[in-house]
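Below are the structure tokens for one structure; questions will follow.
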Amino acid sequence: MLKFLFLKKETITLPEILEDLKKEKRLNLIPIEEVHKLSLEELKEVQAILVLGGDGTFLKAVPYAYKYDLPILGVNMGKFGFLTETYIEELPYTILALEKGLNFFEERTLLKVIYQNKEYVGLNEGAIMKGPTGKIIYLNLKINNIEVTTIYGDGLIISTPTGSTAYNLSAGGPIVHPKAKVFICTPICSFKINIRPLIIPDDCIIEVSVNKTDEDIHLLIDGQINLFIKKEEEILIKKAEKTLKLIPSLKRNYFQILKEKFQW
Amino acid sequence: MLKFLFLKKETITLPEILEDLKKEKRLNLIPIEEVHKLSLEELKEVQAILVLGGDGTFLKAVPYAYKYDLPILGVNMGKFGFLTETYIEELPYTILALEKGLNFFEERTLLKVIYQNKEYVGLNEGAIMKGPTGKIIYLNLKINNIEVTTIYGDGLIISTPTGSTAYNLSAGGPIVHPKAKVFICTPICSFKINIRPLIIPDDCIIEVSVNKTDEDIHLLIDGQINLFIKKEEEILIKKAEKTLKLIPSLKRNYFQILKEKFQW
Amino acid sequence: MLKFLFLKKETITLPEILEDLKKEKRLNLIPIEEVHKLSLEELKEVQAILVLGGDGTFLKAVPYAYKYDLPILGVNMGKFGFLTETYIEELPYTILALEKGLNFFEERTLLKVIYQNKEYVGLNEGAIMKGPTGKIIYLNLKINNIEVTTIYGDGLIISTPTGSTAYNLSAGGPIVHPKAKVFICTPICSFKINIRPLIIPDDCIIEVSVNKTDEDIHLLIDGQINLFIKKEEEILIKKAEKTLKLIPSLKRNYFQILKEKFQW
Amino acid sequence: MLKFLFLKKETITLPEILEDLKKEKRLNLIPIEEVHKLSLEELKEVQAILVLGGDGTFLKAVPYAYKYDLPILGVNMGKFGFLTETYIEELPYTILALEKGLNFFEERTLLKVIYQNKEYVGLNEGAIMKGPTGKIIYLNLKINNIEVTTIYGDGLIISTPTGSTAYNLSAGGPIVHPKAKVFICTPICSFKINIRPLIIPDDCIIEVSVNKTDEDIHLLIDGQINLFIKKEEEILIKKAEKTLKLIPSLKRNYFQILKEKFQW
């Protein structure tokens, strides 16, 4: 029997297919919020995290996946997403493949955000954004200790390739294949119009500091963690030590997902 | 003697040229915040509003200009702006022209924003933006009572031609000549990428309503007025009955300002 | 009986609905290329031009519409277009309305392109583009006799509102409502990135001249007329004296067309 | 004495600094077009290619650099370029460093374009563009044998990171650090607006084929080689086996070049 941590979107009721897999004793689902109750022994038996919902729910599972070094299998109850690639109807085939011991993880670069000595992990992006007053902000961007530019505008997104189709895309950034070893620095509504998204190797160290503001600004990681940033305290962003392991759809690859999601 | 309402940026000390014009009894400057102390008789003698500062200071004077139907003369202490076109060194020439009775106002379309039965006037734009949580918002856009689209993203800017070089430009909108009789509807970081800035005749009635959110969102007018908007209450935006009269630089026209500001 | 000039895309066979309208003696269709054979008397009886095909076919009919001052009714055999708004199934209703004497033309601004003393009329755009060698070109743009900028890149599009959803859109320009009284100047692949589409009132006179090239460059009007331009000869673009009269769909307005074409 | 192949822009006269280096017998310059006259023995003594001019002249030297496996030192007589980073005044310092045997090459990814069994090497990009008639073209894009999309528009650019600040930037693509191991696929004036620049790992195999056209279209490599492409013949683009070795400025790194060129 496969043993999974389990996270689902609240509004979803457990689909029959999943009920059946449980009844047939092929799947043992442990609610993700109870993971701390597991003994080390029990933890070792957990093979993956099963996420039922959209990309937002998937992102909620990322810190667990990082902490316990578990792959995530994302199942979408509606239209497939960039992260939740598998349809519920396809789930039995994926389960079968896992039962057979097949190993078909895709590795995705994660970013680590360090602020005030605390570390946060993100799969999509870290976004430094203007605060509640809606006033334009000034951000100093340093890469590998070299001053690159001062952005003034609504903010700055540091995105992974996985996050390139999320907030980065809305802000005008390019689509980046998950296997590209880069980060994307995309300004949000830059007042200077001679600026463009900037792609850098993912072994770069990125530092962002707030300039000329007396007000709080946001640091939003994966749309999940929302911190308030004070002036003159630096945010450091770099590649995380570990990757996120994603159990992909057996049916579609990245380009096919792009083609269908964007109706290319 | 010319009689002006006067508004200056706090950090600026009165320049000598202005001191001289006062001493020579050519200029009588009444602090704008004391306008309510003037009798109707005294008000009639006021010819214009003199703004000393940048475009932000100019925008603060707009509601006064609208209420008392006065033209604004914007003097920039640093680099000229899109609104504060006149350099302090050029001010005496403009004053001379006004003393001679020359009439050289430029008329700029203003927008009127109506929310909860209150009216607000804007020279640049009304921006409906995500609130303090930084979460994506859903906005229904209706023009002349026809449903145009639902925007989901960081928000929507309704800009005048004058505002086209302000927030609209940062969000990807085009530059629009002040004499063009249009409004610009520019989405902010739209999640859908098949959307573009939309230019409509300025006699259109624009309605924006918030969809699917339990949280407060912002309505920011000219970066000056910041309201919190609740779900299901409509924002109505249309052309204001009166225009803003701007006393332009004698030295440069709109295209020359563009050329210099953008280093074309 | 309605009398129409008739232009259809070559690959299309006459649909039954049209055959029926002819048989019922409700429609008399005169091939557009035979218009010169008509006497003045016969010409007076012609009420409109019927176009069967896509937007490209519609554009071919524009010079006839201008010369003979006739409205165009565009019928699309596939998916409706921005110009050919009417489906073949809807044609009988439009014919009925016209038989009843209803007058429901939409007027669209046309541009007039003058080069070497010859005049050309365009409904969508005049595009000045690099020539066969594919080398970057330099174009001087003057508006109302004021030098605005030098564009270097692949070229420059001067678009009407009607043309805003055509080449202008591909080159990054905004969508402009047909009733907006403006032209759009959109650079094609500008080498300078601090440049943006520029919207100007449609009573402006636009002059474009070629700078620093020994090679031929293209002047393409509505994708139909393709001229070769030499250095130092000016292209003049302004609003044409007459408008194009378009017989619209009875079923959908401009915003509905946008919504459906772009899947908003 | 350093022995260099030498290529200069025709309009440039040899600067004094270079004359002096020659007189002092520190530099031996062999005109690049005479390289075929050199014996193998003589070729072995050549250490680099010296380019005097702008980025266009630098690109002319690339096929020589590739064939003879020589680094290029680009000296700009005007404003420094993205490729010709070194000012003439800085040349003596670079020469000194080379005399001391310092090795400070930057390696830049080259792309190889294969068409009709012929191979071409490019440092910036391969651009497949519409031909002399200026008509929209249809291009099938396959990556690693997977159909990604059909582009219809003015064309498609496959750019290296080095080329990202050239034609790619004009067409709306992002800026990519030269050390990023990626290619950029940027459509030129795509008719579909739901398409974006696409970044892929540089070990991908890219195939582009022409669809639905009876006319010639262009394949332009680095703005230097201009081929005409027929329907149904595939263009294959991939990473070249060797890199381009660029002798960088001693004074400025990539981010400083960006900062200065774009006035960030």
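Which chain is which? They are A, B, C and D, in the order written, and residues in each are numbered from 1.
Quick note on the criterion: contacts are C-beta pairs under 8 Å (C-beta built on N, C-alpha and C of every residue); 3 or more make two chains touch, one makes a residue touch a chain.
Chain labels with UniProt names: A, B, C, D = NAD kinase.
All of these numbers come straight from a predicted model, not from anything done at the bench.
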Counting hops between chains that touch, how far apart are chain B (NAD kinase) and chain D (NAD kinase)?
1
Rounded to a multiple of 5 degrees, the Cα superposition angle from chain C (NAD kinase) to chain D (NAD kinase) is 180
Taking each chain's centre as the mean of its Cα atoms, which chain lies farthest from chain D (NAD kinase)?
B
How big is the gap, in whole Å, between where the Cα atoms of chain A (NAD kinase) centre and where those of chain B (NAD kinase) centre?
40
Separation of chain A (NAD kinase) from chain C (NAD kinase), taking each centre as the mean of its C-alpha atoms, in whole Å
46
Where the CA atoms of chain B (NAD kinase) average out and where those of chain C (NAD kinase) average out, how many Å apart are those spots?
35
At least two other chains touched by the same residue of chain B (NAD kinase): list those residues.
169, 193-194, 196, 262-263
Chain C (NAD kinase) residues touching chain D (NAD kinase) - in the complex, by the definition given at the top:
127, 129, 131-136, 153-154, 167, 169-172, 188-191, 193, 218, 220, 223, 226, 262
Complex contacts: residues of chain B (NAD kinase) adjacent to chain C (NAD kinase):
143, 146-150, 161, 164, 169, 173-177, 179-182, 184, 192, 194-201, 204, 253, 255-256, 258-259, 262-264
Chain D (NAD kinase) partner contacts - residues on chain B (NAD kinase) that touch it in the complex
193-194, 196, 263
